[in-house]
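Here come two complexes built around subunit A, the first alongside subunit B, the second alongside subunit C.
Right after this comes the complex of A and B.
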């Protein structure tokens, strides 16, 4: 039992205790929002942080799942069918995204995913006979798995927490698996990986699918949380917000996207109570973080702490501390 | 018949507008290797600034063309400043540069909403172009025909600039091989500022020219940016001819899609882009400036 494990257990206990510690529903709902956005950011981080492929169309993937669930529910199907259908729709769309966008990498990848995300948004906005256009689709009920109702804020929080913990565990296993190592290899040295006999395209494809799966799960949580879906949730702003979560927290770390999701959701809710200029703040935070702390808050803070820790213990070799490898270099 | 003729003229007009927007986008992409995600914002800011000069809220009223030119110059300065102060700090980090342009685009959109409000602002057709042209059974608004003319003039001017001037030769060299261009003594970083300002100015000008057709409204930036992206992916990055042909193609698809398949208009719009990506990833005219 190391310090790391103890911290992990404490964090999980704290997360479980949230609805008991906070009685006000509003804050429990914000906690649910953080967790569901964290699932989305974790999914995006697989691609951005570990695959080195920056996607600006991920809101389209979660949006397709949201719309599929809402559409199936509105058509009178049960929750099981709706969720299964949403996952299937999300994965099929992801496969399409991957097939088209993985022809490129780097900047072209950004442009293609952006354009694909805009297609999905355009469909949601204009294909009115299916999506009800700008008015969106309402969802009447939340599911009640095993007889536990998710209608209350606490109940929904608990369900979201379970999904979130599974997502974190899945990401941890994924990242530490040989496949995760291979993915990081394709990020750092795609040509060498190719020369070593790894199928770079296929590795990226399955990473994209995993990322899309998490996005679809987040989309399902999103539609049940809001009990409503409209094209707004698929706009470029939503994709950019997700990317901000990943980058602000620290791309290529497990904890980073979660911290980033908390940061964005809290700032968004707290700030929107005072000023209506949330988009300006989003942009400004984005610019500041990219310019001044490109590795993200989590690795940045860890680095600062490490430097401080070492210089406190051994005041002499300050250069050794400065030369210590940073936790996450910004990846092109 | 009249319907088709009208749709065709509208398509070419829109294509011309897209060319003004995307030629700068394409040059910036070709030279700096980044998609400038503020390009839609430049378009919108140009239109907003232009309407302000027209409305007389500043205490004076300008002629439409003067307003368009001054708005374009202002946007050009803004673009050059952004390159100088923000993107220059991140030289060589293309991903960071793209993210910064994305962040700035959100800031600009919100500032415009704050400054000009959420209501669409319509722009009056410039004096003398409010009439109509009769061609057989069809009647076209004169202004739309004039936009086509403006686009052609700009296309020729840009072509001459790139082909015949020293600056154009330096830009072509920079697009072709920035390192080699540096070696032979071209200050590529100064070209970045010039091309960024030029592209921004063109986008701002296009915004004002498009005003009488599209009007100005919040979200105009997000409507135009994907169109510029599609044009550039279709035509090939950094290619003037590519953005010209791409603009016309997209203009046609956009207008015919809206008229014939309104529900799937966006889908149809992006379809050729997907086809090009699959069959010819470098774009129709990728790899050459002219």
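Right after this comes the complex of A and C.
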């Protein structure tokens, strides 16, 4: 465990050091984006990885929170009201999503979440009196909690990092808890769980709510990061991207969605500056992952390391034979 | 008072009557064997008793309490546990964690998202005790995927017993086992204390005969014969059902 703790401490220190090590604002902003998408992917992973329920409508949940915050700010409310309102709107929408979609599982569940996500997108696009339609809503200022301004790239990164670390810790506690074990049980054997006395539907509902809470938090970070929200952020492609983050990094692992978020954001923003057909590259990377590490990058890498470690520890037949020869014998 | 009573229970799938006016009562502490050839409606009867299927008519009583309309997930909390004919376990987890899930099902702790499951010492101890009862204590940490069929069968029984049921329903506990494994499971089942009522399904007549106090013979969803072991074995209708005369 100590090695694990040391690695964890090193990772956190490295994350804190990012704005000091990288002086260019552009790259600090990319790092902020990775962290906020990681929060989104962590939330989606609770449902997809631990609950076995694949959602294609999660951008709708974060989008509702983004729009609620932007709308309240544009109406002249303060940041506290905007953030509280965004969380409330996100959670209420999540409860609606869960109540409707949890009537089914498997493919039907995917289709219902997809449809619900599209409804939210349609509202954002067409309910112009509230959402300003395709033009979106601009946000004038970022908040300044405890007098610390988030206006600069560094300041915003630090705030996002704190939220991200809280989200990771919350997920870690959640998946190792009795409730987390129950959720994983409903993924693997819902019928058995029912026969053992678990309320499968309600377990899935609360997991969906936790997932929706993290999505709403990501939505708030998103709207403050861009200082703007438009229907594009709620489109099906945004939900699908989140799903790709979870699956490419490793569904059902804590680190997987974070790695997946980093991969997608880097390819989308950094690599696209050099390669015009970056979509093609992203697709190719996913094909490679699916072919060589179908379980995702993080579990796949762990597997490769285990194999390498075992073969390194096992003495080779040649060395064993050499060791078996008497020590005193002169070599030819 | 009977531990488990079934009154006029009926169930049809479309035009097929799989359970037809089934009526029986099991006394507390009794060992009841339900036999019948393939397709007699034994597993359907179990699914009606545990609530995984809703009967078209009739009622199910657990210690005189009518549980016919009670959701199946509430029945373990009243002391009803079951095993499955087709092994239904958690393949990604260790044997120990399978047993812990059985215990968690009856604990209010199952709603707790804040504490670490691995730190629940009483749950760990109880799970180990349940595994020791079926002789799997030494391999508790082994992933379920790396165990034999016979061991999985014992995990099934351990999970049911871990819930300290008052009525235990066993769906073909000997199915697919080797002769040695059958002997192990048989001694395991005969070691269950008499404060647990056991209802067991078996499609092969001889396998579980010596474990039973009373036997109910089911054929085409109907009770054909019911009585003590000797009565049912001697009854000409039993011969008819099994040998087809």
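By definition in this document, the second predicted complex is superposed on the first by the 295 of 332 C-alpha atoms of A that agree within 3 Å, B and C clash if a C-alpha of one lies under 4 Å from a C-alpha of the other, contacts with A are read in each partner's own complex, and residues count from 1 in each chain.
Definition applied: a residue touches a chain if its C-beta (ideal position, glycine included) is under 8 Å from a C-beta of that chain, and two chains touch if they have at least 3 such contacts.
A quick note: this is a predicted structure, and the numbers were derived from the prediction, not measured.
Engineer: Examine A:141 and indicate which partner it touches, taking first as subunit B and second as subunit C; both and neither are also allowed.
Structural biologist: neither
Engineer: Is A:152 touching the first partner subunit B, the second partner subunit C, both, or neither of them?
Structural biologist: Once the two structures are laid over each other on A, A:152 reaches no partner at all.
Engineer: With both complexes overlaid on chain A, does A:173 touch subunit B (first), subunit C (second), both or neither?
Structural biologist: Only subunit C; A:173 stays clear of subunit B.
Engineer: More residues of subunit A are touched by which partner: subunit B or subunit C?
Structural biologist: Answer, by number of touched residues of subunit A: B.
Engineer: Now for A:127: first (subunit B), second (subunit C), both, or neither, which partner does it touch?
Structural biologist: first
Engineer: Please work out whether A:282 is in contact with subunit B alone, subunit C alone, both, or neither, and reply first, second, both or neither.
Structural biologist: In the superposition, A:282 touches subunit B alone.
Engineer: In the complex, go through subunit A and note every residue touching subunit B.
Structural biologist: 54, 56, 100, 103-104, 106-108, 110-112, 114-116, 118-119, 121-123, 125-129, 235-237, 240, 243, 247, 277-280, 282-287, 290-291, 294, 330-332
Engineer: For the complex, give me every residue of subunit B touching subunit A.
Structural biologist: 33-35, 86, 89-90, 93-96, 98-100, 102-111, 113-114, 222, 226, 229-230, 233, 262-267, 269-270, 273-274, 277-278, 281
Engineer: Which part of subunit C faces subunit A closely enough to touch in the complex?
Structural biologist: Interface residues on the subunit C side: 50, 52, 72-77, 82, 84, 88-93, 97, 100-102, 104-107, 109-118, 120, 159, 163.
Engineer: Residue numbers of subunit A touching subunit C in their complex, please.
Structural biologist: 173-174, 176-182, 184-185, 188-189, 191-200, 206, 210
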